[in-house]
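Just passing along the structure, written as structure tokens.
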């Protein structure tokens, strides 16, 4: 005699596991770069959101994927500058990053935000290792605009240190500080770094966790949510102003990435619990997916 | 705006995936030997049952486990003997396996039952490879009783051919025909072979899929279902007659296996859809688990 | 004092071993695909012929070659159909292979003929492993002609399962059943499969063991035996009718193979004891050799 | 004609390189753990001292050694606490490390001191990678004394993340923050961590860079400088009060390390430029060396 | 129609190849150290004998064995000393090897005899590499007796250079010159070196090619030829004087070798063409075999 | 208190080690082929010069380079011919190398000069292994001019035996005897062999140790010493007669090598102690460097 109620719940569980099967198969051994944003998880307390995110990343690794986490930490930097009584100058509305500011940024990103992410993942085992772009020469940078100080543009990604970690089945967690050939640190936009890392690793997916439901064709119309799009359409939407503001660096990185070897890019709603799992392992379409161009017929 | 109903379903899916996380971690790289019985799946049509079973085995492999399938095929052998008009002799109530009978058994097991299992799994990819105990000298056997003819006892398992397949990430599917040093084939009890293979591979789990809910302390009392037990208790239950009949070889193999390096053995109800997944990847206790002895304090 | 008579015999033995030296050197690490035909060994009892053949294959492996055995089993299938009272339909003189017929073919090839070959080889050690085209997705097939039922054409060879076995120094023995993407089995001409396998493995040699002395330029003239020929000449002989009947699929496979990377193909007389050894390890020319085209001057 | 003066200089250079030869041979492939102390380099400007230290570490790696750098940063932590207006409590004269204090310590060590060391080394190439004890679960810690808050004792070292880096020829630079199983961070004495890491890696040498010339038998007598000593003598000197104060944790770690597989420990004067090179690659005896016990006669 | 006469010859050839089969299987991957003596091949011209020997060694390698050749060259050294007008001193009837003599010995062994052996083997391919005991520190030696000068005893064998060559499938050919820690060369008895090398490599066989039929129980009675014996019996025969003279170092090395891990030792008649092949690959018993002690029951 | 005088010497040592750092980095894993000439070291006793040279070669290996030594031995051959009373014929002023002469050359080079080099290096450890061009078929040669006898031109280099040694971290020392396909030995110009070996190994540097300061633009003007030049300029200097005599084969080999993948070639003054170390590990420019052409812009 088998208890009927248990069996219903069991059947649902089994169905979910079986639903995950083709995705596990498809993504085995594939690299997924996830940009984890400070604002992405407003719907719950930050601590809980981080714990849920950590579970998702660990599950991805356990089924054979190679997750890579990239993070910034603008709010935490601003808060520390406030506590240290450091004034911020602006040039044409942009923050000037002087030597002291970039040192504070490095300290907060590498010494405060990064270890929190690492610790949350490592509750499950010795998986995560935190690095910044200085470690192993990962992110080489140069001055973007002398008037802005030590704000950097990525000049090259040297993924050796990441590959070593992935080969040893660690999960790299990357603070987006780069350096030039003299060892000078630069603060770099984390959205941009995530895209550059994804390209350098030939990632299967580039995922941005945000605090919006996804991209919209008309910014004020929730019904215009874009489920799936292409690099070309996104460029049109930026050109006609439908996409604007803080989404621009993310969208630009998505467009560049899917044109440079990354298979798909995703803008996901980080406020949904376990949104990464749902996107990757279920049939549900969540957020906005930017599809890479399919290989042409006749190519290898 | 996020659809509330979808979110409930999504939350359930996510919960199931997260529930699976510690089990995936625990069993990564571990070998699980599953005895698939012809009678195990009476609750559904055989074809569907086989398809469900194949999904479970493939999912196990995709999350990094090493499933090994062992099967017999008594009913199919009997049916073929009937069709070929072959009479069966009995000695003291046991079937005599003459030269022609063992040839028929080999033909049916390796040529009919085994390819069906392989084909069902390979609908999902090039995973399964069928072997018998003759291949690579996997199962060495000797005469059990001259009066019974070519009924064999296992004398040794040579797991080289299985290790090669597991290293190449194939799923071995094993027909339980063995051979002696002259190449003579023997029919061998599949329950016994499953246990011997599990021991030779140092398997994490040995699983019997049966058509009962599990073992009972009192055979007529469904409430006496045993959720978890030990080798010692099982021996008592066999000694006092509480366990009898066709369960004896399974129980004896379970007892031997958990005393020889196999971590746990399981008697599961193969009539429950996806019972393997539920047992391995969820918190639900299903069927009867025989626990191996824990390592003693002070041992390595 | 050394016994003179022994020394003569010893000198002959030594001469044979030294004669083999350049052939062992030339073929070390090379793959040889041998099609073993049911009719090939009419000159002796089948059991003895099989034992001799097994010795040849084992010796090839022991000196560093990678033998692969391919077999069919038409007579054995016919006999089993007769025993099972299964009627055969014909369309335009060709046998229709309905679902039951292909199941019988699979059962006989994989469950009866294949284990006999494996067992004969494994008398010498744990060398041979039997597979069919279903295992590891080895032979993918499609319907040749809907009127003929489950008679298949090879669409692709997936040699992964063979490579794994060869790397582990096993001898694959292949039953020529293929499957489509739904797991449906097909019966496939064994001569054709042997050629396709040889091409997929980049074999050094493709060898057909037959019951004729070799190909002839005039079918009735024993003196017209062809010792050595080319793909082009063979095509002419087929075109003018000099080669006909059952030799056609073998000859077509030879022609295709030597034009697709296989170095040489051979039609040998399986009635000669140890004909494989004699062909491969001695200076004697035996049967008919089809030479692959030499690499062009100027190519790599 | 060869210029005489140049030849004298050249001969000196050659002599130094040849002097280094037996040391390069002896230490090839050996691990050297160097504790780099904030106070070690008072004789020069800190920036220059760091640059010289970086050259030494890079040279060690280039000749085939595996240097590992461990650092603390007490002064920098104190300075940051001052800037943040954070008061320090004391219990029996020891600083209480509350949750905010350990967060500041982590931030300063991992986010400020560590990247400076990494950047100084990486001026020479992509060699150094910074980690803390949280990364890959490197340093597991527990509360030392509840009254002191999050001051930790090392419970275990999990060197996997270091071995991966050493195998990939990176130079690990370790900030001495540990964590417990819940991910809570602890501040740990860097001298102690250096010894524990050296033992876990089976290091050839454990080196402390300090701001003293070496240990003395009489603390006030420069002539009593100890060139070479043993664990036993050191214990006597601690017991009779000849060694006291801040040297105690270093000396205790040296004693423990040479009794647990580390070959030699060294207390060096970090104020001497390139003191690491001189100690390792020249015949000069510098600072104090604590010799590990030689293998007993008759042991393997 | 098959030519009958050819078939008889073919059958003999096939029989020889099949006779070799179990020996090829047994010795695959095994090392055989062969001492090739200058006097061993008196029955034929030296050049032809060398060519036959080279064929044997190459065949051994081609079927997967690892032959290692050791040689001396006393007659060639004596001849060169004569040509150079170098007088030989004697002490108690033993030749004194002064510095000039050992230089001549090294020159003749490494520069004259060794390259002849290498060249003879390499007619068949790039197999042989000549080394002396100086190369890679292979043979470390010390003075046997100061009165004899640079006559050395083996103190240790450092087989690294041989293992590297065997791993790369080369055939080492070893001139028996050793050296001490100062680089001083010593002349060493080649029979002794062959035994020491066989032990250091854990060889399957140690073979001495001599100019006698084998050992005899009574030195003057050809009928007393010893086919098979043990270390114990050999010691008795030496003790009672039945074995004497130049056989002593060979017999002592055989006894020591089979008691230190070498499976069998052989004294073969090098005057028989291809005696190595006959001993190793045929059922014929040739010369004298000294059997190593079988592993005791109960040992691993 | 630190002794001031010691510190000056220490600072000089440290400066030299730091000066070596970029060179060690640049040449790690790179192959350097050094032609060691019998006349190169006239400034000191030959024994001491050899010891210094050995130190240089060992130091190169210890810092991760792959040194390969090539040597001839003309004077030693002449001396041995004199001792053996062997007359030399001349044809057009060139020495005729008859069969006996090439045997003597092989004996002296492989049996006398080569072991001396090997022994000098191996005083420092088991590093060097001596080979000639016959070993492993390293140098294949053919007759240059029938009138000159067994004087050979290089037809091909088969570097397999060298690669195996370099992989096992041995230092090959090569005597310049080659052989044809029949095993016949040839004496070959050592300068030419050094260049051919450097090309076959894709060496970073080809170095000739000579007894001149370097090449000169005007042969009689020491001030015209060429510090750095190109293949094109060298060809001009040969064409106009500025370079002549014994330098021609060296210069021709340098030109050929830098045009075939070798990065730089060097003519160094072997009379300067440790000239190899000074050239490779210091900023001093010594002797003449021939630069290889830089990779063109746009090439990989």
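Going in written order, the chains are labelled A, B, C, D, E and F, and every chain counts its residues from 1.
Throughout what follows, a contact is a pair of C-beta atoms (placed from the backbone, for glycine too) under 8 Å apart; a residue touches a chain by one contact, two chains touch by 3 or more.
Note that the coordinates shown come from a computational prediction; the quantities given were computed from them, not determined experimentally.
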item	value
Partner chains shared by chain B and chain E (touch criterion as defined above)	C
Interchain contact steps from chain A to chain D (minimum; 1 if touching)	1
Far-end chain from chain F, centres as C-alpha averages	B
Chain D and chain F, separation of their C-alpha mean positions in angstrom	43
Chain C and chain F: spacing of chain centres that average the CA atoms, whole Å	55
Whole-Å gap between the CA centroids of chain B and chain C	36
Multi-chain contact residues (two or more partners), chain D	125
Touch-based graph of the chains, sorted into line, ring, star, complete or other	ring
Ring order of chains, beginning at chain D and proceeding to chain F	D, F, E, C, B, A
Complex interface listing, chain E residues touching chain F	83-84, 103, 106-112, 114-115, 118-120, 122-123, 125-132, 134-137, 158, 160-161, 164-165, 167-168, 170, 177, 179, 181-185
Contact footprint of chain B on chain A as seen in their complex	1-2, 6-7, 10-14, 16-21, 24-25, 28, 55, 58-59, 62-64, 124-125, 213, 222, 269, 272-274, 277-278, 281-282, 284, 286
